[in-house]
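Just passing along the structure, written as structure tokens.
Note that the chains are named A, B and C in the order they appear, and that numbering of residues resets to 1 at the start of each chain.
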Amino acid sequence: MLQQLFKNPMALLCMGILLFTALLGIFAPWVAPNDPYANDILNKFAGPSWDYPLGTDQLGRCVFSRMLFGIRPTLFLSLLTMLGTIGLGVIMGITAGYFRGAVDEVIMRVVDVMLSFPSQIIILAVVALLGVDIRNVVIASIFIKWAWYARMIRTATIKYTNMNFVLFSRSIGSGNFYILTRHMLPCIAAELAVLASLDTGWAILNISTLSFLGLGVQAPVPEWGAMLNEAKNVMISNPEQMLVPGIAVVVLVGACNMLGDCLRDALDPKAVRQ
Amino acid sequence: MKNYVIMRLLATVPLLLGISFLCFVFINLIPSDPAEVALRIRQTPVITEELIAQTRAELGLDQPFLVRYFQWLWDCLHFDLGVSYTNPARTVLGEIGRCLPATLELAGLSLVYVIVLSLPIGFLSAVYKDTWFDRIMRGFVFATTAMPVYWVGLLLIWLISIRLDLLPTSGYGSFAHLILPAFTVALSYISTYIRLIRNNMLENMREDYVLYAQARGLKQRAILVRHILKNSLQSCVTAIGMSIPQLIAGTIVVENVFAWPGVGRLCIASIFNRDYPVIQAYVLLVGVLFVFFNLAFDILQYAADPRLRERKA
Amino acid sequence: MTAVLEVRDLTVRFRNGKRLTSLVEGVSFAVRRGGCLGILGESGSGKSMSCKAVLGLLDDNFQVEGSALFEGRQLLGEHPEVLRRLRGGRIGVVLQNPMSCFDPLYRIGEQMAETLAEHTRLSRNDIRKKSLEVLELMRIRSPEDVLRKYPHQLSGGMLQRVMIGLALSLRPALIIADEPTTAIDSISQYSIMQEFLRIKQAGETALIFISHDLGVLSLIADEVMVMHGGTAVENGPAARIFAEAQDAYTRHLIRQHKAVMSKFLSAIHQRPEVAA
């Protein structure tokens, strides 16, 4: 499957974009030409120049530098969200699928209730409860998304616990959780990867949306959603301010979605022929 | 059929209980003491420990947790959702009721957009697969799933309202005010359904019944509309049912971009003001809507599909 | 007697990007009124593909060459609309997998009426009468009920009979049956074969019977064409082919069939001894 993925130019392009963006984010302090917080009020709304490659915003801050620093909250927090989601989902799913009975029943009913709410509402409720802060947005996202993974992993667990090689490992005395994590996770890794890459795109959109609403990353910290919120106020006089952060979000989310689609195609050769 | 409806109705009871319980837990988790809040609402000048204890007893807050939950549930069933923390003169129900029509208008028109646009586009994309039309639409679908809703809204305001000066930029009032926000809400659903209908159609086209319909000499148009489209829509019905509460909930962002006075904006304002009863009521409302629409469309699909109707539950 | 359908040098290629893959190569056959041509071959040998090509059921990704004369009229390259009118009317078609060949959302009666309305000018009442007639002809009990049923409520054998009845209903000159006995249980298979034998005995239509089952073909076919890898490896009277096949592949098929049959027969004969 991986070989097929590396042969697909689209998948390579997407992975390239994601990797490049991540590197830019990590090395933002060295790559960025200016301090993202430095005001230059005399030079506000400047066009692109050698000093400011993408111009300046309403406070004369370097848009290019702010965009680079904006990668950090967006990409890294969404990856953190996904790690948390998958971690919690795997633990709950395996617990439910392995022990069955009452444990399973309780977990799955909770999952049902979680899935019967639209995700946006739960996130808002949790953020409202814990206070307006980007950490709470991450917690809220994990809180809403884990149920999907738990359900999927539970099904896989039930399927794999009855397979011969798992029964065999048990008979030679390997521990329960060891068996499952060691044998089952690789089996469903592919499926998990598809879902995870699509959901990373979702998490990026989510973080930027909440920051736009003022519920996530707070100004003046450079974040794409927050930048767009500031751009909104000067929309009539300087609409070009909306372009850079918006396109940045689209490229990153598009790369995640496309990668997810490519992974799915690599997983299921039938779908490609359609 | 009757049995199925009764079964489904009964199955929603635990789900509704779960949702309401979650909402109740939510308001009990908030950091501030409800007794203290209540005193402040009554504008008591000096709040003492004794007064708080007295109010606790008065409000029944000294009762066990579950007793309070059922008391609260009972009130909810009588549409008593308490009063707003920030404005004690207003009941939560009144606040929600005041804002709900605007949101329903928005969600209603978006649903119309979704159905009117995604159905024919999805259908034509499948029929003219791999032509320029299909390619453009696939590009459109891909682009819209990657674009943040609020950004689309801003771009539309800039293009349609500011540059072309065709529609008002924001606010509430005439039908013209509704066009852009509703389209923004609908956009991501439109692309979802274009993809769903297209894929369903393509899948159905490979079925044996299509080959046999061709072998019987039916007209291609009749096969497409009477057979393939009808079968493809079958599975979309539930998805659309699930989308209605999502559309209602999905107006939050758009309402804030377009300054639309609906429940979404009320909710965001309440979050900033820490007006918990309003948030709680909103979450409860959306949860109940979700369950209700899910139920209604399950029953609808059940009634439309002879195979499901036959199967004994 | 002249042939109802005469196919010459039929070639079907699949267009995959710029590459052309040959699926059927230079196949010729003919079938006359009252006769039955059996086409024998394993799956993927091109037997269904040949018939689909003749009927115009292949899409633009396929390139079809050769000639197919039906009642003296060229079918290949004919306008799709003309072919559509022939299908279901002058040419009846019976397919395999009867369970999935009917649209699950419409009643049997609606699907029969839809076909009849397409090819005749009968009124709604006459269509209903005709439908009942067809079902009665196919010896289906309580035809009124069957018309009201949805496909999933009927058995495979029953649906197959509806399909045969529908193919017969407009007095076609030719019936093409593509593996009509493959997807149904063996008891229904027997009665379905009886229906086909009746059609043949009536002697009004030509029959093309496609199957991978030598036993089934030996019951009904007068002429047999054996296909392998997209080409016809053997073509001739059934009796001659079963007795003295020229082609190695055909002989292999017949030997296999005989080996299975003899095992089966000996198993039947041995059973009393085992029991005793």
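In this text, a residue touches a chain if its C-beta (ideal position, glycine included) is under 8 Å from a C-beta of that chain, and two chains touch if they have at least 3 such contacts.
Bear in mind the structure is a predicted one, so any value in this text is a computation, not a measurement.
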Quiz prompt | Innermost chain by mean C-alpha position | solution = B
Quiz item: Based on CA centres, what chain would you say lies at the far end from chain A?
Solution: C
Practice problem: Could you put a whole-Å number on the gap between the CA centroids of chain B and chain C? | Solution: 52
Quiz item: Any idea how many Å lie between the Cα centroids of chain A and chain C?
Solution: 55
Quiz item: How big is the gap, in whole Å, between where the Cα atoms of chain A centre and where those of chain B centre?
Solution: 23
Exercise. In the complex, go through chain A and note every residue touching chain B.
Key: 109-110, 112-113, 116-118, 120-122, 124-125, 127-129, 132, 201, 205, 208-209, 212-215, 225, 228, 231-232, 235-236, 239, 242, 246, 249-251, 253-254, 257-258, 274
Quiz item: Which of the residues in chain C end up touching chain B in this complex?
Solution: 55, 57, 84-89, 93, 95, 97, 100-106, 114-115, 118-119, 150, 152-153, 163, 166
Quiz item: Can you list the residues on chain B that touch chain C in the complex?
Solution: 207-209, 211-220, 222, 226-227, 230-231, 234, 305-307, 310
Exercise. Over in the complex, which chain B residues touch chain A? Could you list them?
Key: 14-15, 18-19, 22, 26, 29-30, 142-143, 145-151, 154-155, 157-158, 162, 199, 202, 245-246, 249-250, 252-253, 256-257, 267-268, 270-272, 274, 276, 279, 282-283, 286-287, 290-291, 294
